[in-house]
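Each of the next two complexes has subunit A plus one other chain: subunit B in the first, subunit C in the second.
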Partner chain A sequence: MAAIDPVERPDAAEPASRAPDAGGVNAAVVIGGFLAFGSILLAVFGPLIAPYPPMDANPGQQLLAPSGTHWFGTDDVGMDVFSRVIAAPRIDLGIALSATVLALVIGTAIGGIAGYFRTWWSEAIMRISDLIQSFPVFILAMVLVTITGQEIWIVVVVIAFVNVPLYVRLIRAELLSLRERTFVEAAIVLGVPPLRIIRRHLIPNVLGIIINQASITMGVAMLLTAGLSFVGAGVRVPTPEWGLMIATGASSIVTGQWWPSVFPGIALSLSVFGFALFGDGVARMLGSRERGA
Partner chain B sequence: MTPADPGGSGVAGREGEPLLRVERLVKHYALRRGKKVLTAVNDVSFALWPGETLALVGESGSGKTTIGRCVLRTIPITAGDIWFDGRNLTRLSARELRPLRVGIQAVFQDPLDSLNPRMRVGAIVEEPLLEHFRLTSNERSEQVAQALERVGMAPDLLHAFPARLTPSQQQRVAIARSIVCRPKLMVLDEPTSSLDPLTRSEILELLTDVQRETGISYLLISHDLVSVRHIAHRIAVMYLGEIVEQGAIDTVYETPSFPYTRALLELAPSIERRMAGQEPEVQLTGEIPSPIDLPPGCYLASRCPFVLDECNDRHPDLEPLDPSHHSRCLRETGWLPPIAPGT
Partner chain C sequence: MNRSGFTRFVFFLWRLYVIRRLVLFVPLLVGVSFAVFVLIRMAPGNPAYLFAGPTASEETIKAIERDLGLDQAIWVQYARYMQNLAGGDLGVSLVTSQPVLQDLVVRFPATLELITFAMLLIVVILIPLGVLAAIGGNLAGRLSSGYGFLAGSLPDFWWGLMLIFLFYTWLGWAPVPLGRIDFGLEPAYRTGFLTIDALLANDLTAFRSAFSRLLLPGFTLAFIFGAPVLKHLRATMSDGLHAPYIQYAHLCGLPRSLIFRYAFRNAIIPPMTMAGMTYVYLVGAAALVESVFAWGGFGQYAVQAAISSDYMAVSGTVLAAMLFALCVYLILDLVYTVIDPRVRY
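Here is the complex of A and B:
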């Protein structure tokens, strides 16, 4: 028995040592997924289920405290804060998602090419990325939106633009090691053209990393959208948008009416947190699957 | 031996043009520090005929894998020519080369690393067909199924990912991917060295069967002298980037002429010799010289037990001993004592 015990113990210990990690991954995916999915549901259905029209000012009912009729109160022009908070994801998520997808597609394409080819122009791409990244993201976005115009699509393009270098660097760094693997040499020997090697053999192998980065970008893009509106460089009043609501509500805080800005603030935090958590959890699950676990 | 006829005179009974002719191939690697170069392949010439297996053997760093990569044209070459099926591969651009790649395939040392972890077995084997032939989806599935059956893979593994397969199955998938478009030449870069002995003999048997059926030529890169004897027809022994001895497999194994070949063969595992309690007769001493500062004379001079004075000054040429056997030793032919029995 004594001789068997030490042999059996590592076997028994292994599932136990893995369990907390797997549980953590699941919790992250579940909680993050719940919050992110909730935000997406609101983006789709929010304006439809809002109890009051989110853009209707009501002059007689300014700055009412939260109550049974106005759950989150009303703001300084009498708009229902609850209706605006649940209607806002359509704008916030819409901008953030479009910007993320745009940044991801462009950044992955450029990063893929810069990671596969090692020529002077792939070096040049990296130096340009460095240059863009050397500016503070928010300041750069603010300046770009201000000089190009305050349209929603411009906000999308600008947020995508400031995030592209992140993807370029990330994908290139991954590809530099990945392209040394034998299956890439095998693909060259098979006569697969370079662009198809990048698309078929390299990018699918960094998908987990891309998804993880996309969820981070999603959060960053939402913060940027809200931040731009907050400083007056993003969408304009009376569009229901969390950052804008925080900004317009901020003036009321000093007089004790905290609800017009605190509720959108909480909503923004939960949504950003949810996407970050979900992306991280999914990336870890993909990573463990790749290792054959 | 003239450069224009490399190794050609070494083979009796070959007819017509060789399938592959490597002429005076040189591969240098520039080193970061200073202006020195590392000579990985040094003026190597050989030829390979249809249906034949030529083994390139030597230690790690002898340049054999580099030659394989040059033939596959996955690295730029410094000098020399590679003729395949009447075309000079060294004169072609990457784009011009791509359609010809259907004729030259490869199997690599690490089977798992040579398969894309995100692709299923079926897609991996299908890929060369997609690149080189216009086939319907049904025709492709049929070809894939045939290739997988040929390498002895169960059809239900078609949708498996490589990580789920055993090393033997992984290497079979790699072979199926290579034979699916019926190449004329296959570069086998240590195809069995990461496999266990049983699997190794299965894979070697599979490769010989495929050769018998299709008349494919193999350029086998290996340091496993036991495997080499089983499947190669001719052998070229590499030392510090050059061929030091070349000839028909039995001739070289039975009457090795270059001392390095002798030493390699005596180091190869032989149970019979071990049981007879025999010590290797030819043992090399010292370290292999650096490929950055190559000695002026024979590269083996510093380690050779039979060294002569002139070995240190004059770099020997690859001279014919008989039409099917070339060696780079300055000593008289047949000077070395015959090899001990039981190899």
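Here is the complex of A and C:
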């Protein structure tokens, strides 16, 4: 097949440029997996193993520096920072994970349909995605959360909503080329119904891309959750949530009490970093298997 | 004959890309403004309460609702809004009691100055680094990819706080992270960019003050949002340097600097798109860094408007952000035609 040749050629040149990354695949997956899995474990067990109740204000012990009794110190109302940092993943990861799954499922379904069928409404879907994406994301999320009443499930829905178009676009772009391949023609000839073709033959082929995007969404969702809470448009005080903790600690950082905001920030960054690294590594592994390497 | 001449003229206009973009923008603007309008009016809180204050009586609230037109059907309100919009009237903010347009004229340049400074830092520092990373081998590749992951994982507002702690609280090098300029030094309003206004007024003290305030938030934004640009440039540049036409140029014995320029010219296009998107994204996303540095810009205004369901201000900010996005993409498209001779509209 001469037509395939120009497509294959860049792939053949790839090992040379991709080589530096290939050696890092396993290390990235291990480190990323360790961090990501660790934060999932904290989401499950964090509140249970916290040395102090994470929402108990202790008026006599405000802004104590880190010590043996309070590992990460206490914040401006005397809550134990360490307990709150390890209790927070339940909120942050819970929101991010639900939003990611929601965006992934809806986005993949819509993107799959829009990519397979070439009708006026698949065109309409794309224009609606354009519309949503042309909004300034952060402002949109903020407006949506505040007008619908700052419940946690609303934060989830809003974060999912702003991410759905990304999946639609990504999946559709992949399917547009995949659906021209011989195995799809074969399936059509065999009389496999379209939705089954999408589900069984097309979506599995873009799994690596979906996983990679999901790990990115996971990070973006966590940062968005924290950001929304930081400006007061997300989770409310005294819920243990990293962004909110950074916000309450922000006022005391100028006077030198760094611990109430430094530790939640590190925890949030490590967690996002872990998911990004893990997703990237897994996608590379899946990708190299598909290429037959 | 006459008719076909007219048709040709219309086609000529249509082919003028700028006009096509502007024409397509109108339905988008209408769609978005209506969506925002409906969304905000769905809010549980009644703007009239906000306007009247907590001690207002039932009748006062009714009167205010009538005044603001809140008692009418949503499409009537929307029609009125669009009518005012055509005349450049964005309504009155319920929080500041000022016309929204006037609020935006003051606050938008503040954000624009900040994010433009951040973009300059990205261009001046990160683009050369990206090129270097593409030439450098394995280690440079890993470093830039590591930096990409790191910057993508840091919350920008937290990073800003860390810089404040390091450079203001601890080292004492940076000025107080509150606002854009030292109190009393504001130059007369011309462009709204304090650094430029200070230079125009020939006031070096004010310039130094405004510039020193820009440094920390600017670096915060550049560090976090420049990473994807750098990562992208490294990838396209290193692909470019290995492309067949570059190998051919090598075989022809062209000087290295010339070959390099050929590769760069092709490699810069995708990262430039990304930089443009970042610029647009920052208008809203800088809100977090703005609130850390009490910048008082567009982003903070949007936050305040959203939180207090100040519906006129929210519509105004969204429209302004979209208008800005349109301008940036338009300029970007025109720049492509200059850089890339293959691009024709």
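Keep in mind that, in the parts below, the second predicted complex is superposed on the first by the 271 of 293 C-alpha atoms of A that agree within 3 Å, B and C clash if a C-alpha of one lies under 4 Å from a C-alpha of the other, contacts with A are read in each partner's own complex, and residues count from 1 in each chain.
Keep this in mind: contacts are C-beta pairs under 8 Å (C-beta built on N, C-alpha and C of every residue); 3 or more make two chains touch, one makes a residue touch a chain.
Computed from a prediction, not measured in an experiment: that's the story for all the values here.
*Asks:* Could you classify subunit B and subunit C on subunit A, in the superposed arrangement, as clash or fit?
*Replies:* fit
*Asks:* Go through the superposed model and pick first if A:Thr182 touches only subunit B, second if only subunit C, both, or neither.
*Replies:* first
*Asks:* Just subunit B (first), just subunit C (second), both, or neither: which does A:Leu223 touch?
*Replies:* second
*Asks:* Give one of first, second, both or neither to describe whether A:Gly191 is in contact with subunit B, with subunit C, with both, or with none.
*Replies:* In the superposition, A:Gly191 contacts subunit B only.
*Asks:* Identify the partner contact of A:Met142: answer first if only subunit B is touched, second if only subunit C is, both if each is, neither if none is.
*Replies:* second
*Asks:* Check the residue A:Gly256 against both partner chains and state whether it touches subunit B (first), subunit C (second), both, or neither.
*Replies:* Only subunit C; A:Gly256 stays clear of subunit B.
*Asks:* Between subunit B and subunit C, which makes contact with more of the residues in subunit A?
*Replies:* Greater contact footprint in residues on subunit A: C.
*Asks:* Just to be sure I read the superposition right, which of the two partners does A:Asn205 touch: subunit B = first, subunit C = second, or both, or neither?
*Replies:* In the superposed model, A:Asn205 contacts subunit B only, not subunit C.
*Asks:* Quick check on the superposed pair: does A:Ala283 touch subunit B, subunit C, both, or neither? Answer first, second, both or neither.
*Replies:* In the superposition, A:Ala283 touches no partner, neither subunit B nor subunit C.
*Asks:* Once the two complexes are aligned on their shared chain, state how close subunit B comes to subunit C by Cα atoms, in whole Å.
*Replies:* Superposition on chain A places subunit B and subunit C at a least C-alpha distance of 16 Å.
*Asks:* Where on subunit A do the contacts with subunit B and the contacts with subunit C coincide?
*Replies:* Touching subunit B in the first complex and subunit C in the second, no residue of subunit A appears in both lists.
*Asks:* Spell out the residues on subunit A that touch subunit B in their complex, using ranges where they run on.
*Replies:* So the residues of subunit A touching subunit B come out as 181-183, 185-193, 200-201, 204-205, 207, 290, 292.
*Asks:* Taking the complex as given, what residues does subunit C use to touch subunit A?
*Replies:* 28, 31-32, 35-36, 39-40, 42-44, 137-138, 141-142, 145, 149-150, 152-155, 157-159, 161-162, 164-165, 168-169, 177, 238-239, 242, 280-281, 283-285, 287-288, 291-292, 299, 302-303, 306-307, 309, 314, 317-318, 321-322, 325
*Asks:* Considering the complex alone, what residue numbers of subunit B touch subunit A?
*Replies:* Interface residues on subunit B, with respect to subunit A: 72, 74, 97-99, 101-102, 104-106, 108-110, 113-119, 127-128, 131-132, 163-164, 174, 177.
*Asks:* In the complex of these two chains, what residues of subunit A are touching subunit C?
*Replies:* Of all residues in subunit A, those touching subunit C are 13, 16-17, 20-21, 24, 131, 134-140, 142-144, 146-149, 219, 223, 226-227, 230-233, 243, 246, 249-250, 253-256, 258, 261-262, 265, 268-270, 272-273, 276-277, 280.
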